[in-house]
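Mind looking over this structure? Questions follow.
Order of writing sets the labels: A, B and C. Residues in every chain begin at 1.
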Amino acid sequence: MSDTKLIEVKDLAKHFEVRAQGAREDKALLKAVDGVSLDICEGEILGIVGESGCGKSTLGKTVLRLQEKTSGQVLYRGEDLFAMGRVDMKEMTKNIQMIFQDPYSSLNPRKKVAQIIGQPLRIHNAGTPAEQITRIDHLMDEVGLNPKFKRRYPHQFSGGQRQRIGIARALALGPEFIVCDEAVSALDVSVQAQILNLLLDLQVRHGFTYMFISHDLAVVEFIATRILVMYLGRVVEIASKDELVNQHVHPYTKALFEAFPVTDPRARKGKKQIVMGDVPSPIHPPTGCHFHPRCPYAEPRCREQYPPLREISPGHSVACWVV
Amino acid sequence: MSEHTQLELLEIQEPGPWRETWYNLKKNRGAMTGLGIIIFFILLALFAPLVAPQDPLDQLIEARKIPPMTDGYILGTDDLGRDMLSRLIYGARISMVIGIVSVGISLFFGLIIGVVSAYYGGILDKIVMRVIDIMLAFPYILLTIVIVSILGPSLTNAMIAIGISQVPKYARLVRASVLAEKENDYVIAERALGASNLELMFRTILPNCLSATIVQTTLGVGEAILSSAGLSFLGLGAQPPTPEWGLMIASSKEFITNAWWIVTLPGIAILLAVLGFNLFGDGLRDILDPKMRS
Amino acid sequence: MKDTTKNTNKVLLSMEHLNFSFNIQRGVVKAVRDLSLTIREGETLTLVGESGCGKSVTAHAINQLNPMPPGEVVSGSINFKGRDLLTLPMHEIEALRGTQISMIFQEPMTALNPVFTIGSQIADVFMTHQKISKQEGLKRAVHLLDLVKIPSPETRVHSYPHQLSGGMRQRAMIAMALASPEPGLMIADEPTTALDVTIQAQILDLLNDLKSKVNMSILLITHDMGVVAEMADRVAVMYAGRKVEEADVFSIFEEPRHPYTLGLLNSLPSNQKYKGARRLEAIDGTVPDLLTIGEGCPFCNRCTFALPICSKEFPGETVITEEHSVWCHNHKAVEEIIAK
């Protein structure tokens, strides 16, 4: 790991206009990502955890400019992605790639495996057709697929094998930075372990930098080097893995760790402190700190003002008035 | 890698999507009957000069209104002494061309409009959809008549009119399936790989929307044949002496009491052709619509 | 730590040698093979396994929710309170559903009727079993919603399912299951899989809480070892249609005897032994296709302990303790590994 910043996200926001449920207003603003700043250094695995609707997937897609931003900046080695023209952006796709959650919908059902993996090579005219075929075989081998199956269609593979196809496709152009959006969440545990190993092996071999998005605390805790916790579009806590796992301070982070089922029946929590209430709708988030209605430590100030993200120790920032 | 050996255990040969469709089609009796009828008419159309016993335009005044199975005329002759069988065979040629060309026109414009409108969305989509709503609000036959009257009555113009009048239907159908399909992750994935909008629209999304379109296209050919017969019957399509089925009915309707075959046989020909396409289209829908494979 | 295994309790349901198949176009899928289970009163039995292992088919075989055809009970029996469910006529099964055997699903939206308020749906359950007025039924519904900890139950009782969040819907489903006069068995099919972790914790807590209040047995279907650890009294591990190991929850986690159970535990990134590690001990390969599976142990192609006999015949039961059984030819090898 080096200190060179590969990705810098500055105050990024992505809002969607949605049809409101109530009859009075006909449009509402869903602030999926609302002022997120973060840096990712070369060789790092930044884990992003949060529950559904916290904006972690939107963040991943916006960082890669797969959708336009509302405001803010995303810098890749100091270059602003959103300031790039079409040609530059196409060049940029060689460096930044994505691995998706659903191995069923992320592969085009009408293309054979060789076409799917070879598509990035074709789009960027990488090498002669013969070189491309060699490259496809090599990529399949690298992700643990036998190249002799390259004439098959995606539906003829199991979930784990499809995920390998998706990984091979992301690898094809030799990227530096890969966003893994719930990349192992749809898989069975035993297959999930295979894919996690594969992702780590590839990182060692190619020096990738990952942004690893997941709702599964155990997976993030295992794979990440640094962890960021999101709640309703905002960063609530960010720290190195060890610090976040052992010394998390934000009440929401505490609630997440408390709620996460431990795979040890002797550690069964009995009457543990469970955070009550539902995740509020991101269309009408609570005023002030978004977590205050569920927070056992909430003060009057929490209701009025959103707490800024402040550094409490080197590399450990938290957005909370109380800590 | 160790997984190779495991993968080989899973070696089960499964067919590609097209072969699977064909396999399911073979078991659908209605679709196969329809396909048989379609192939029969297409063969007739292709080899009309070889199959037809006579020239369809040859008049023989002394052999007028000969009933079927008489004097070597298998299906009899019409009021001008032309061989009915030959006229029906040549009629197949015209009907097939009309069906395919006019559906081709609808499909070409419908696909482009539907894909572009759904892909870009926003204002463009709203405008396109309102125009299409207006077009659909016109009675279909009225719209066709208006177009033909502007272009002038002829077989070619009838094809164009039928084609244009059906564009909204295809555009809507394609738009709906593109809207559903473009939400899939594979579209985002291919965009992340640097694929251009054109590539995404026509090489990535469109092929996955074809199954619904193919069904509509098949049914559409039958409809187009029916429409062209209707237009010709009204005098807005084919002009005499073209052996067009609709025109044949129109020009002989007064003989229905004394020479039934002149009117009835072209009617049966239309019925069979349309039935063939409908049976095949319905069969295809059964196979393709429940989202292909499990 | 209380001993959760209550040997003394009466058997509520016993499944004997169930074989369940699906006859599909490409052949016969033997979804469940020779499966025997017992559920005692007041206990939580967990069926754990990965997709396609037959755990949901097993659960649906009990209240006969599997589509038949293509599904088919090839052999076996399911005794519930002295009656064989598989030979009962359909109307008696229907009478049992929702009264003595209730079910909660992964996605409650599909199980709740979208056009009725949850209050009236719960009241309906009361009214089918007892002669009470709608008014009285609604009153009891409020009480139940309160029991499952839905805030302000008096107003929520008039809500439609789509107005509730996922966690609330799951609570409403549980309330409906409790509305029957004698909730004997609750089948919970991945009840928290679609929920966020903080909500999952609430629902699991609620289920544990209710189980002690109402004398209810739970058959919990899950793929999540975390949920197993939180909820189970006893655990049956399934793989490709077979039960491979059954034990009390502590034995499963601490002294697994089947290579698959061991592999499953080793696949968990939360496993304590991975503190600081950068590699998991994954099970290689993938689950076999149920169409082409033979008579051997279904796990043999991925098993590092496999013997030549494993691919030929499925092992018989090895009883380790009264509560712990394993079906493996080479369970001794696993025992040695664990002992280290």
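The rule is simple: a contact is a pair of C-beta atoms (placed from the backbone, for glycine too) under 8 Å apart; a residue touches a chain by one contact, two chains touch by 3 or more.
Source: prediction; values computed, not measured.
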### Query
Most central chain by CA mean?
A
### Message
From the C-alpha centres, identify the chain that is farthest from chain A.
### Response
B
### Task
Determine the centre-to-centre distance between chain B and chain C, using the mean Cα coordinates as centres, and give it in whole Å.
52
### Task
Just give me the whole-number Å value for how far the CA centre of chain A lies from that of chain B.
48
### Message
Taking the mean of the C-alpha atoms as each chain's centre, how many Å separate chain A from chain C?
### Response
31
### Query
Among the residues of chain C, which are close enough to touch at least two other chains?
284, 286
### Query
What are the residue numbers in chain B that touch two or more other chains?
2-3, 7, 10
### Summary
Expected list for chain A, residues touching two or more other chains, is 158, 161, 194
### Task
Please give the residue numbers of chain A that touch chain B in the complex, ascending.
61, 64, 66, 89-91, 93-94, 96-98, 100-102, 105-110, 119-120, 123-124, 141, 144-146, 149, 152-153, 155-156, 158, 161, 166, 169, 172-173, 194
### Query
Contact residues on chain A for chain C in the complex?
51-52, 158-161, 188-194, 196-197, 200, 215, 217-219, 221-223, 255-256, 258-269, 272, 274-276, 278-279
### Task
Please name which positions on chain B make contact with chain A in the complex.
1-4, 7-8, 10, 14, 16-17, 184-186, 188-196, 199, 204, 207-208, 292-293
### Query
Which of the residues in chain C end up touching chain A in this complex?
1, 50-51, 165, 167-168, 196-202, 204-205, 223-230, 232, 249-250, 253, 263-272, 274, 278-284, 286-287
